[in-house]
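Quick one: the structure is below, and I'll ask about it shortly.
The first chain written gets the first letter, and so on, giving A, B, C and D; residue counts start at 1 in each chain.
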């Protein structure tokens, strides 16, 4: 097996990102959809760290912190919305929530 | 394989065995100390002064039947105790417990008495502590029993809440030591002030120490913060449905966690293996003494203080401990900045 | 070392704020006074160290930490002690300590928690004030500047349950905000222009530029800074908050609204003396505003009946003097007056506080009188303060005020000098009006007799009580200060050597520029000395004349003043209503804003334009949506799919290219 | 075991766990598998000389965010996805967005693969790397201080938002005659 280079990390990241994308469409449970989004964010993080390593700078790692904070905020608000939705409809299927207002 | 590598492997196995036996010692000590505090005898039948009692307990647990509720999630039910026990052992891996030594010339280069020397050790301890929540939560959920679920939820809420104060207390120490490595932090505390007072962080960071110890007790779910297993309310909390060896693993995890918290406290605040009278190669004796003292304190607390109420616990954690820890960190940072320590 | 000076009061604040309500009053008071006195002692040590340095290198700096370091903007949190700061910290901590001690007695009737709250605010104020005067750049100064504003607000509204007090607090805050707006703009402009916020660097680069002939950037910067100073130091047009600020406890009025905070504007101009010197247009404006304020406030002060309000207008008037000095370039004279004024004005306020305290809260001059025999300490100390402020020779106020008038005259502003002299006359009149109305003559006090009767009932032989020991100490020390403080700056004309001015001189110049010392300072030659002595004689005559007038109108012949008032009813009414400035502001600024907001912004702009636009847009959108809503399935997944489709297409396009 | 092998091992775990996350219906297992995936990513970060990010990844993602997910799953006692639909309809025959989305994901994969293999081979990583926590911290609090402050505001807003959204509606007081 070849020694991993930047491209290997990028391909790994691309695969993870695609898995996340597919997850958003395949699963019919909002929580899993949110998890898929986390996969995508992590794929992006991997890209940043790999590029930072390749360029020899700390910036890649720093951006990862910001992504993590955004992910945390997103998870908190997203899950709060999920709880609110579940209270109303007793369901977690995103296809249940198609009304534009109630 | 070099002698160094062999020594490293031996050391790792040694630490593992020592942790296992420390749990046994702790069980015995806990029962004896409790008995003394309550003016009872405590275990005295098995072995001299009942010293083989933990062994008997282990044998008894091993021969018991492994029960599992029918509605439980089989995989997670089995996984949960393993997570707990693994996390407990893993955290100790980065804790140094003695100065570098060549074992009286047996090795060519000195070996550090520590399983893995990581330069972000203090964060690793913190990370593994945060992982141990999963064992408890999963145990509570997978048992499919209301007592277990409540216990699990309480435990995780409590551990997450106190993790913040725990982390801030750690941070105030690492700000002072200017390093994330536990060995560096310990070596930073070598020597004395005025030739008498050891340069322990305990004396510069008394508030940090108190916060750390309080949060540590809450993190390990010990009395007076033992809500997850409050017998009177929840039967036994998250491990109500467990028996035999899986129960033993939770039990083991609890005691090893205590040992880890005490060991980390010793490294962070009490100067680790540094102490007078003994040569550096015997520093681990000092280390054991200090850890032992903290563990005794743990047991003493458990049998002295009544349990809080759950809301009091949460209020204390968020409204008292966390602000104190945050102010302490700020003050420490300001002090370090000003005095340029 | 320098850091300790503001840090000690801050620690006092933290202690009192955290635990004050749990400890007894003496403990809370002791913490606050201890912190202040300790700070005073540290200041003394620092100043002695400063004086020990050679005259042209008198500065001690301490960089506490790097505060901001972002791009071009690098601001260290640096404290710097130079002669100017030295004077200021001694005034703040010294007079501050005395007022703290005084307050322990004055505030004694408050509840424990309130008492601790009061002292915590007072300490916080001292900390911010010290940061203000020690800061070595605009941003650090601004921290103190805003901090003292906050404390002023908190302390004016200390009795927040009283509506007038909380209103006065808000008024002070809002009016100051207007000034601060100018100040901030000035600081920003200074940063843009000079690329730094450090005072010394600004002074150096402005000195390199040379004075501005026409109105340019530097004039604009200084003018904006001066707007800030008018807010903080109660000058036209932003002086209106200060008289109302008397709603706060009297020691607060003495400390914040007479001795220290209100002088921050004067200090700020002195601190930037080099910059201001290079903007002569602004200096002229400063001088005119200063003298106009002095005159205006002096005339209002003549007719007010609330003892503290008279003192407040007197403060405004004296601040006007200081700005006059700044405006004619006599920075040292201005700071000298600031320093002597701190003593006698604090003394006068504390004296009035003692009167109010004795009369159980009575502040109306018309209901006082004859207090001389009951309150001897208060009387004598108050009298000394009044003599000092009136400019009677050999007392401190005489030297500083005379220095200002002399320098004004010497710089050729004869008109300003005449107005200043007139104000000096007014000062003597209204000050002795207080003395005669409050302490001499028959007692007109309902309260006093009640108090006396009450005391008579409970235990015989008791009468109105004079200041308790803590208050008396502060009064006596300040009275001694009011007499003696002037001698550090004894002018050459009277055989002194003007040491104060020489000491301050390095603060107002730049090292490089100081190569030509003593340029136009007209302290050489017998001619100028003769002129100075002549002017002194004139102002002495004016002061004594003013006292005489006051004696005639308010003591010997009280009807005469009423007759005078009825002869000029219009003028009297205008003065009673303080030139209707509050009403004018209300009509010219507050009401228009309200009317524009209500009828313009709300009823037309908001309701018709904005809401109308929103409604129309909504209508249009509604119509369009009727068509477009078929796209909106409401299924999150479909949205996500379209989003990804876009990603795939755009990425595909770039790859294809 | 060299670090090369470790890369392939961790990569395989990450991909396998992520596939499993979206491949089965029990949300609890999804959460746990995602934690495993994060663990593998953390290992990759260590291989990339970023131990600090690796530890933070565990503390923040595994220790906090995933606990939150687990909490919500447990709180809602989240039902498995409705299974009758799955039994009735073959995955490839499902309604519009799902089918379309999977096709898009595949297209995206192809495109990314193409983009990454199109360029020259970049070769190995250079020698110098920034792994010191102090260096990262210094950069974070000076060069990125504005971003840092903005992020803290974001967190605050998210916190308030989460509290408001998840709060139970205050129950209306019952009328006295109607127990």
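In this text, a contact is a pair of C-beta atoms (placed from the backbone, for glycine too) under 8 Å apart; a residue touches a chain by one contact, two chains touch by 3 or more.
Fair warning: this is a prediction, and the values are worked out from it, not measured in the lab.
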Problem - Most central chain, Cα average position - result: C
Handout entry: Chain pair with more C-beta contacts, B-D versus A-C
Key = B-D
Exercise for the section: Between subunit C and subunit D, tell me the centre distance in angstrom, where each centre is the average of that chain's C-alpha atoms. Expected result: 57
Handout entry: Between subunit D and subunit B, distance of the C-alpha-averaged centres to the nearest whole Å
Key = 30
Exercise for the section: Determine the centre-to-centre distance between subunit A and subunit B, using the mean Cα coordinates as centres, and give it in whole Å. Expected result: 34
Completion exercise
Check: subunit B positions touching at least 2 other chains come out as none
Completion exercise
So subunit A residues touching two or more other chains come to 21, 24-25
Problem - Residues within subunit D bordering two or more other chains - result: 52, 56, 64, 97-98, 100-101, 104-105, 108, 112
Problem - Listing of all chain pairs that touch each other, if any do - result: A-C, A-D, B-C, B-D, C-D
Fill in the blank from the handout: In the complex, the residues of subunit D that touch subunit B are 28, 32, 35, 51-52, 55-56, 58-59, 62-64, 67, 70-71, 74, 133
Fill in the blank from the handout: Listed in rising order, the residues of subunit D that touch subunit C in the complex are 96-98, 100-101, 104-105, 107-108, 111-112, 114-115, 118, 142, 145-146
Problem - subunit C contact footprint on subunit B (complex, rising order) - result: 337-338
Exercise for the section: Note which residues of subunit C are touching subunit B in the complex, please. Expected result: 3, 64-65
Problem - Contacting residues of subunit C [partner subunit D, same complex] - result: 69-70, 635, 637-638, 640-641, 644-645, 647-648, 651-652, 655
